[in-house]
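Letters A, B, C, D, E and F mark the chains as written, and numbering starts fresh at 1 in each.
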């Protein structure tokens, strides 16, 4: 069979998935290693453009940890963390917002548009998309760190309807118009219900959830919510993975049937998740 | 690279073509061998469904030569032809219409719908889609054989807009409501301009136009209109292929940049034409 | 009073009925003698066009018994019936479909369009309009004979909205895309609820339901559902009329207030039913 | 043939006219005797409702001479005329407006609505529908008598689109918001072009234009514009008929093919004009 | 601060009120002294135009007592009242309708249109907007005096949607198409619920409700429904004010939170009510 | 006259301007001192919200010179300028983009949203709004400094249509997706034609154009294009003002009748310009 015939056959194998998700919204949390390697970044954004062109409505959410730290160091500010959360004084918040909304966000927008998509970058301030309230985890004041108080998804509906791909940075607007630093995983999880998405894909640096921390050979393909919560309680899940698992749980409450944690550093892992039956990574489902 | 990664990569290679044809109409003349082999028929209809799901608007036109002859024989009627055109008395016309609109058409509709598409079968009578005038080739009266007098494409716009795939049989309505037997190739060629299609694909039984009749090794990949017309004059093109070439010429006049004659008996040849740069078969272009 | 003044006055008498049905859908089962007499056929289709132009939305359903038998005989196939239902092997089904969807349907479409209407012919396969499941009356397998499993009325809404008159032949699509021979009366009855029609008119060969079989002088103008069902049980209703009565009962369940059985062989009986208070034939009402 | 069958047949004879005017706008100038006889008035309004229900868009224009004079007399004011035009001082204008917009207009609206139509009464002031400039025929100042300076047909499009029947009284708004008394015939003639009507019907008290004044037996069925203008010059046309003929000429310039002067006192003359080939009264055509 | 800077600042102070009422409907009962002084009338209509331009949807309701009496006297008819209600025989009704729909209404329309608004005058007969039933207060037949039986607000939605300002006179249509003289205050009160208004403003001749009749220094700024009803029972409210208070109570039942009685003779009192926190006049609220 | 009556009167004086600009687009270049003083910034954004609420469609364009320099200094980078243009190497471009799109833009969005508007911040990269080509003024390569190659205004139409206020930072997308530093004045000038705006307002730090540099008492209220160009040639206009004047000239070519340079540091100067006849600052007009 000549090459192009093989290609054509593979295209036809994508049809059931294209049909299944036609006109449906998919929330993709984009982060980790895939976000700092320029080639991977371009490739993932190309995959997002493909999803849009075959009829799905992807919405991208991103944070940007390493880039923030890098800029803070440039201006001579030492990052500090409490329980994995960045202590965010007013000066730090300014840097966080500049990096997320001005640098990371626009570079993703640019990569999508340059590959034929039409992205519009938003922060949670635009159109009051994400309204925050101050978060004091464990009663400790760590500054402008917030949690989602309200989502106003109108602007997303407007953009998606017109064929745009929204790219959302994890900054929110507070009750007095101030900026809040948000956990991007949580925003992705909350958005699912607000926009009526049918799928949540959390892109990260590891293959998924392992039964034994750090041992990829013990990857769990499927996990119920209660199993996941038990693993968190038992300390079997990495700190960094916990908000991803929490986002999946929020998404399941928000109406999706399955949420996915996949390895963004594997080329086209997003497409593999969407266009195959067995998918990749760890799927979290109700139960 | 695992299999699904390879698949994903191939999907991304389709993206430029998906972008190019997004929201565009493609007229496909479906005929020949691919139409009598049940597996091929199902496979071609699957390809049509795929085109729709990735954002294109396919319109299918079909004739049905062999099936008509078969039914005529069953009722004890001997087919007769003048210059390759079926002599169509009133009784023959009735059979032609029953077979095309009642059998061939509905079986294509059924194969599309069963694979997740939403097809609506039409004859040229429905909504006065194709109005015919009597054709007397060489001054000979061969009965209810017509040529296109007018296309009323409104019903196609309505159906395409709502996501349906129109499947059109080559029967037209005469000035007094009578039925006319039409050349399906010509209908396809005429439709291109009427619906503003960007591509015409003629599916047939051979690989394309050969420099030397019957010698596939002399396949011409590209042919200008004047070259094609010269080959017809020189008798270098098969009788059966002539209306296909004529349809391509009509389509070029109707506004498409390129028209294609491809081998419908090759699996997924339709996708290979749409989703690769070099395409397959013979492309006819202005000049 | 001069003739045209009389005409004008009669027009004004139609006003209350035109007002009553403005924008409303009426399902008309067309069959029997009126369907084989060419003049009557043309006249009935003219009446349907009139209904559309005065603001109603007629939907036509037809079967085609005699024509099927005629073609079967031509190809040397002997029709056989079990309890009035045609035994439909695969070859018979092919003939049924060709005749209904390719001949009867298109001839009605043609007569409507030729009188200024805009008809679109459909079989139950188009847009998956009528999905069938196999029917084994009395546990006997009589082949491709089905009953309605599901109606997908979307295509009817699309067509009616754009001013088209749908003409539906009594063939349905099975779970695997196969064709099923359906009772047209039952399809008409089921459609009423699916499309939200306000009236069902069953056109047949007799004046309505008689108290004494075969005695037109005992015509019942009005019949409640329970009276009708009692008459069926008592064997007072002709076999051929039973599905018509059943269709009326389905329609009453589907939401119409009254269903009508009228004599299609009487010129303009359809208009007489719609445009007069006392109507003609037998009206079946709840109770 | 039973009565209702005859009725049904007559209905079908109206079909070609219904088709011809479907969705088209018809301007009707209503006046004369038919406007003071309550039974006739009700009957004409019923005819207008019928036109709407069979798919046409009637727009009614009315004046109201006799009623104005009657009210003037009640308040002890003596009407005076110059060349057939009412001298309209400010007090008279107030009465004119009260009678036309408050009495005549609302009684027509009421008769339409009571027979199932949905009329909305307008004066030329509403939505600035008719803007007037002062008219000084023969250089004589006769007060608030105006001619059409501009038509703003937006409100008519809005109402017609929603199924309402506009009823317009012949009062216009001047440059400073003052009221102007207008010739209703002229308003009807001007409206034709502004709303893209296809027919103008002037209802009056006589059968049409006569070759010999006052001799109905010399009724002209057809008249060209130049013949009509010649008859005016020759003094063969009644003063009161002249503005009606002028309105017809304006309408022909505004795009209609034929304009009609008919006898409103003949029952259903409006329907006879619309629904028969030969029509009634006098038709004025280009030439 | 130069004058225009001061002006600009005052504009910004209106912003919260503009935001609050953006896209909202406000019913304004216009009457009393403000309606007979030409300068005040023009000024109030200018205020209405402003409300429309800053994004609100005003609907005006008016009566016209003094003008009716004036015209009655002109035609030598003596007005008579029973319990403050005009005895309305058929001749009186004709005058009432002419004055309200033909004179008062059109003069308001004219003043709005001349200041850049787009008003359309309606009586309750137009589009069957206000359907009346006969009212016999205290069992006494006082002729064509009615109360609201039904509101058909469709025409208001159509006009408001297109940017028009409806101006409604207090005449309604009876079951047989006859005219009824209505209390304009009550119509305003009933309209609030039918159109989903958020505010009712009753413009009258006094500053509001006084604790001591005729003593403006005892003006009540706020009154609950029960307080207002108690004051009526105690005879502390003027006859003329009672229907205004009743209209406010209807409006509160119809869904507004607050209804207002203000002094229309004070320049721009309407704007003062809409654009300030404390408002003017008396506010009636639930309780 | 009590205070609120005076306020109400001033509101009515704004009406003609509100009418004039209803539904019209106004491009506002926001910059200079008004952009660093937090109170002024809030006040200007409040004025923008007001314009939106009274029916206009403001579009805001901003740069952010001082803030960029400040951040550059923080990271230890020395700004350098060639002919007033910032030399923009890749590292500088990163800072420019972070500050403009991540800090300045979002702070304006926040101030608008906090005062009841609904702003959406965009950079020229979003939806490919502003496509740049490299600019080498005087043949000198100063890095990522661009000029407008193309405007894609689709996203602005989408947002304005839905009631959002677009806030645009002066960063554009290059042919390969790279970022370009743009002159915000020029972007504002170019946008006018692309979006069909009717007014351009350039907010700056001085009162307008002076006949004698630095002498506010020689303010020119009106300047023709040719006068302005002559003044530039004669060196009478400040370097910083030149792009503002150029933007006005572009806007006049793009279709506005008048462009304005006003002093943004004067409170409510924007409203004074829009809502008064004489305006403030310097108006540039064709000629």
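We take it that a residue touches a chain if its C-beta (ideal position, glycine included) is under 8 Å from a C-beta of that chain, and two chains touch if they have at least 3 such contacts.
These numbers come from a predicted model, not from an experiment.
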Labels of chains that are neighbours to chain E and to chain F: none
Starting at chain A, fewest touch steps before arriving at chain E: 2
Geometric centre distance via CA averages, chain E-chain C, whole Å: 56
Inter-centroid spacing, chain F versus chain C (mean Cα positions, whole Å): 68
Mean-CA-position distance for chain C and chain B (Å): 35
Residues of chain B touching at least two other chains: none
Chain-level touch network, classified as line, ring, star, complete or other: ring
Residue ranges of chain E touching chain D (in the complex, touch as defined): 71, 74-76, 94, 97-103, 105-106, 109-111, 113-114, 118-123, 125-128, 154-155, 158-159, 162, 164, 171, 173, 176-179
Touching residues on chain C, where the partner in the complex is chain D: 4-16, 18-19, 22, 46-47, 49-50, 53-55, 115-116, 266-268, 271-272, 275-276, 280
